[in-house]
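Data block below; observations after.
Chains: A, B, C and D, in written order; residue numbering restarts at 1 for each.
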Amino acid sequence: MTPEQLHRVIVTVADAVIDHADELTALDQAIGDGDHGLNMKRGFDAVRADAALLAAKPLPEALGAIGLQLVMKIGGASGPLYGTLLMAMGKAISPDGANIAAAFAGGVAAVKARGKSQPGQKTMLDVLVPIEAALSAGAPDLPHRLPAIAQAAAEATVPMEATRGRASFLGARSIGHMDPGACSSALITAAVCRALGD
Amino acid sequence: MTPEQLHRVIVTVADAVIDHADELTALDQAIGDGDHGLNMKRGFDAVRADAALLAAKPLPEALGAIGLQLVMKIGGASGPLYGTLLMAMGKAISPDGANIAAAFAGGVAAVKARGKSQPGQKTMLDVLVPIEAALSAGAPDLPHRLPAIAQAAAEATVPMEATRGRASFLGARSIGHMDPGACSSALITAAVCRALGD
Amino acid sequence: MKKLMNAADTMLAESLDGFAAAHADIVTLAADRKFIRRRTLTPGKVALISGGGSGHEPLHSGFVGRGMLDAACPGQVFTSPTPDQIVEAIEAVDTGAGSLLIVKNYEGDVMNFEMAAEIAGDHRMATVVIDDDVAVPNSTWSTGRRGVAGTLVVEKILGAAAEQSMGLAELQQLGRAMNARTRSMGVALSPCTVPAAGKPTFQLGDDEMEVGVGIHGEPGRKRTRLEAADAIAEEMIGSIVADLAPSEGRECLLLVNGFGATPSMELYLMVNAARRILQARGLVVARYLTGSLVTSLDMAGCSLTVSILDADTMRLWDAPVKTAALCW
Amino acid sequence: MKKLMNAADTMLAESLDGFAAAHADIVTLAADRKFIRRRTLTPGKVALISGGGSGHEPLHSGFVGRGMLDAACPGQVFTSPTPDQIVEAIEAVDTGAGSLLIVKNYEGDVMNFEMAAEIAGDHRMATVVIDDDVAVPNSTWSTGRRGVAGTLVVEKILGAAAEQSMGLAELQQLGRAMNARTRSMGVALSPCTVPAAGKPTFQLGDDEMEVGVGIHGEPGRKRTRLEAADAIAEEMIGSIVADLAPSEGRECLLLVNGFGATPSMELYLMVNAARRILQARGLVVARYLTGSLVTSLDMAGCSLTVSILDADTMRLWDAPVKTAALCW
């Protein structure tokens, strides 16, 4: 990945999160504490401000730095989780990004460990795990198919009953709403693919 | 005045105050603290409960006892003022009530002293003083004319700017509302006349 | 109306019972709930007695205890207590050195305390009337200004002085002097609802505030669009300082008081705004007090109070106090 | 949204600055407002550190001081603090005896404190997680219960024990035991509004209440018509006591906590209701605490907390405390 490509990815993802912050907050108001969009925006505002510096780093360092930035800015549940995802990916990825599938799998494993969670619990993992599977399976048109996979996975959280995260406090009342973290994961996936596809 | 008459006066006045409590409270919400009806109702509930006992006393004692009852139950500004009015009247009145005009004048003087107030300040005195004047002037059909005098006097408080009582805190903003105490005085006047006229 | 209550006419009684149970180490509630008094009196000390309408809690019952009041008479909601309450309180807590009655300047309060003093005529008594609210113009030919949150400042300082054996006449003098050096002003963001009335005392639009509001929800100077906290603080401090006219470099106490429905985060934000404005005007904020201490039922908003302190009153302010609502 | 504020993104900072100025005798605010710490540390004492999202004031910053916390890390509104805040707090207040991290059971808080502990690995540390809210069913396969007002009880008791030189492992054990003996439940009469969101987190009808609400305005067990205070207290105490299953005649602490917009009169009315219900169930209410102490911004409503106390924990509860919000 060239620094230009990385820069485009960072900016596209940050803009997507920032633009959809209200939507994420609204989802979190329904089954959480109404701050997911605010949290993500705070994190990605900081990342976007540093985009040039971050993109200039080698890919492993860049991912680690973005992860740390997210941890230190987001707070809440999503900060440590997205931060852990990226920091773990940064540790595993090769400078050319060729082992993205393995690195992403490493990131998802780290998220599971950090969150003591599994797919099926109505969290971001319900999007991250299907993406991990698609990346492992591989396919030439993956960047075009991933957004739909992620979106379908996010939508699949609607009928779930949450057993992790704040929505779990609602029990059965969490059914019928999309998980905010699943939504942000799908959003970020789409933005990454868009930036790489351009 | 017979005990039956006195009983009828007490009950008619108490019922009038109790029935119009919401109206008095609404007036006090506009330019005071919204409790005049509640206060008056609390006082007259107590008086009404004791009506039989009170009516059995000679007139001077009865007025004094009603006044004390009002002082100890109403609180606020209206408690000491109506209480003082009746207690002073009780001290001055003859058992047959023949000197009602003089006794009432004594009561009004006591109210002025207690309230450090004068007519023209948008208070109950703006009703009590015209009644005092009408009583002093005397006339055979007074019980029929007094309610209209009192009502007109209460309405005359609408354009006044208050300089005493809570409404004075509003300055010019007190203009345009009837004074709650003036309204209750007119109400009580009408009830007394009604009871005596029956 | 949304309140944690059973019925409007038992609300005050139930709340007083809860208060007395919760603070049984400090206070006792008299028969018929006529007054709240210190559990233990100090013989020979002047008794400090206050009271007023309920709905301003913790004022006054929360300020009964060592270093502050000896008794507080709770009236009905927003209604002065009746003379019998005050007389019985005087009789219960006057240990021989006399009683100082601390009264907020509302005619209801003033007249009921006056009637009580007439009835309890064989006790030595003196009265201090508090009128710290600059939202209302001062004058001698009218009711004058309202007594609001500054009452707490005067009660604290007098409480400490009484504890240090100051006599009745001196206390009255100190109370009047403290009142003269204390000014407040309030702003409401939402109205309050008297339980028995069942509906709000006034109406405010979604973007409006009432500037100069009283602690009974009395309308204030004006109703305007809700402004930024800095602008609100500027207007309130401006009015207070104009009235106090303190000389440059004077030390003062800043009391930021919530009206009942104002969260702590907003009160401390106002502390920050007010202290910067006071400093810019050459005053030294030497002491702070922040909290919902002189409230107006469930009204949202706050008042700012500034008291000029000298070395003596600063010492009295700092003297220990142990009541349900104030402790240091 | 009606708040005393200048701008949503400076609100927390301004409020923290006001708090630090007002309580400069007790606390200092660290650079970049990362944490609030005691002005003076006690060398050799285990450091007690808590923190969490802001909007619950005075929790936790108001509980920093002698007899309670050494540091508190304020996150953004309703958002856990970040690991750097916690790491810097540990480094600032650990005087060698180690640090006890008191964390409310929200995954955000748990994970951020966990990451902090990983980063500050060279310090001795232990963690106590508070999960006292009976409105949420307990279980090991899910997030489990929320930490709410009971946090303050655990912080007070641990604070006293740490002051009396209890060691890190023992404190952790005591904290866990205290948490197991502490249960809470809340009810909301109105929603709260996160400043940055600008609109209420949930909607309630004019005659509705949310039973079992969380301190972030999280929906609770059910939404029903607003009931009388006695019925509300009965339901809350019923749930608490069913879960605690205390033996007859046990002594307990009753904490009646306002959520931010609840007037004192209503809180004490709830004290009165809850104490009668507890007594009827054979519990002895030996200690009371009443106030808006673990809040949810401008939410109206309250929570009830019951903690079973034995002779030791009673002594620790009674031990002196001097913080901005608690003092005895």
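Going forward, contacts are C-beta pairs under 8 Å (C-beta built on N, C-alpha and C of every residue); 3 or more make two chains touch, one makes a residue touch a chain.
Since the model is a prediction, treat every value here as computed from it, not as a measurement.
Participant: Name the chain whose C-alpha centroid is farthest from the C-alpha centroid of chain D.
Facilitator: B
Participant: So, what's the distance in Å between the C-alpha centres of chain D and chain A?
Facilitator: Result: the chain centres lie 31 Å from each other.
Participant: Let me have the rounded angstrom distance from the C-alpha centre of chain B over to the C-alpha centre of chain D, please.
Facilitator: Taking the average C-alpha coordinate of chain B and of chain D, the gap between them is 54 Å.
Participant: Which residues does chain A have that touch at least 2 chains other than itself?
Facilitator: There are none in chain A.
Participant: Two or more other chains touching the same residue: where does that happen in chain D?
Facilitator: Counting only residues that touch two or more other chains, chain D contributes none.
Participant: So with touch defined the way it is at the top, what topology do the chains form here? Options are line, ring, star, complete, other.
Facilitator: Drawn as a graph, the chains make an open path, so a line.
Participant: Could you list each pair of chains that touch, in label order?
Facilitator: Between chains, contact exists in these pairs: A-D, B-C, C-D.
Participant: Touching chain C in the complex: which residues of chain D?
Facilitator: The touching residues are 2-7, 11-12, 14-19, 21-23, 54-55, 57-58, 62, 189-190, 206-207, 209, 226, 228-230, 232, 260-273, 275, 285, 288-290, 292, 295, 297-298, 300-302, 322, 327-328.
Participant: Where on chain C is chain B touching in the complex?
Facilitator: Per the stated touch rule, the residues are 53, 75-84, 106-108, 111-112, 114-115, 135-137, 141-143, 146, 194, 196-197, 201-202, 214, 216-219.
Participant: In their shared complex, at which residues does chain A touch chain D?
Facilitator: 25, 29, 31-35, 38-39, 42, 71-81, 83-84, 114-115, 121, 163-166, 168-171, 173
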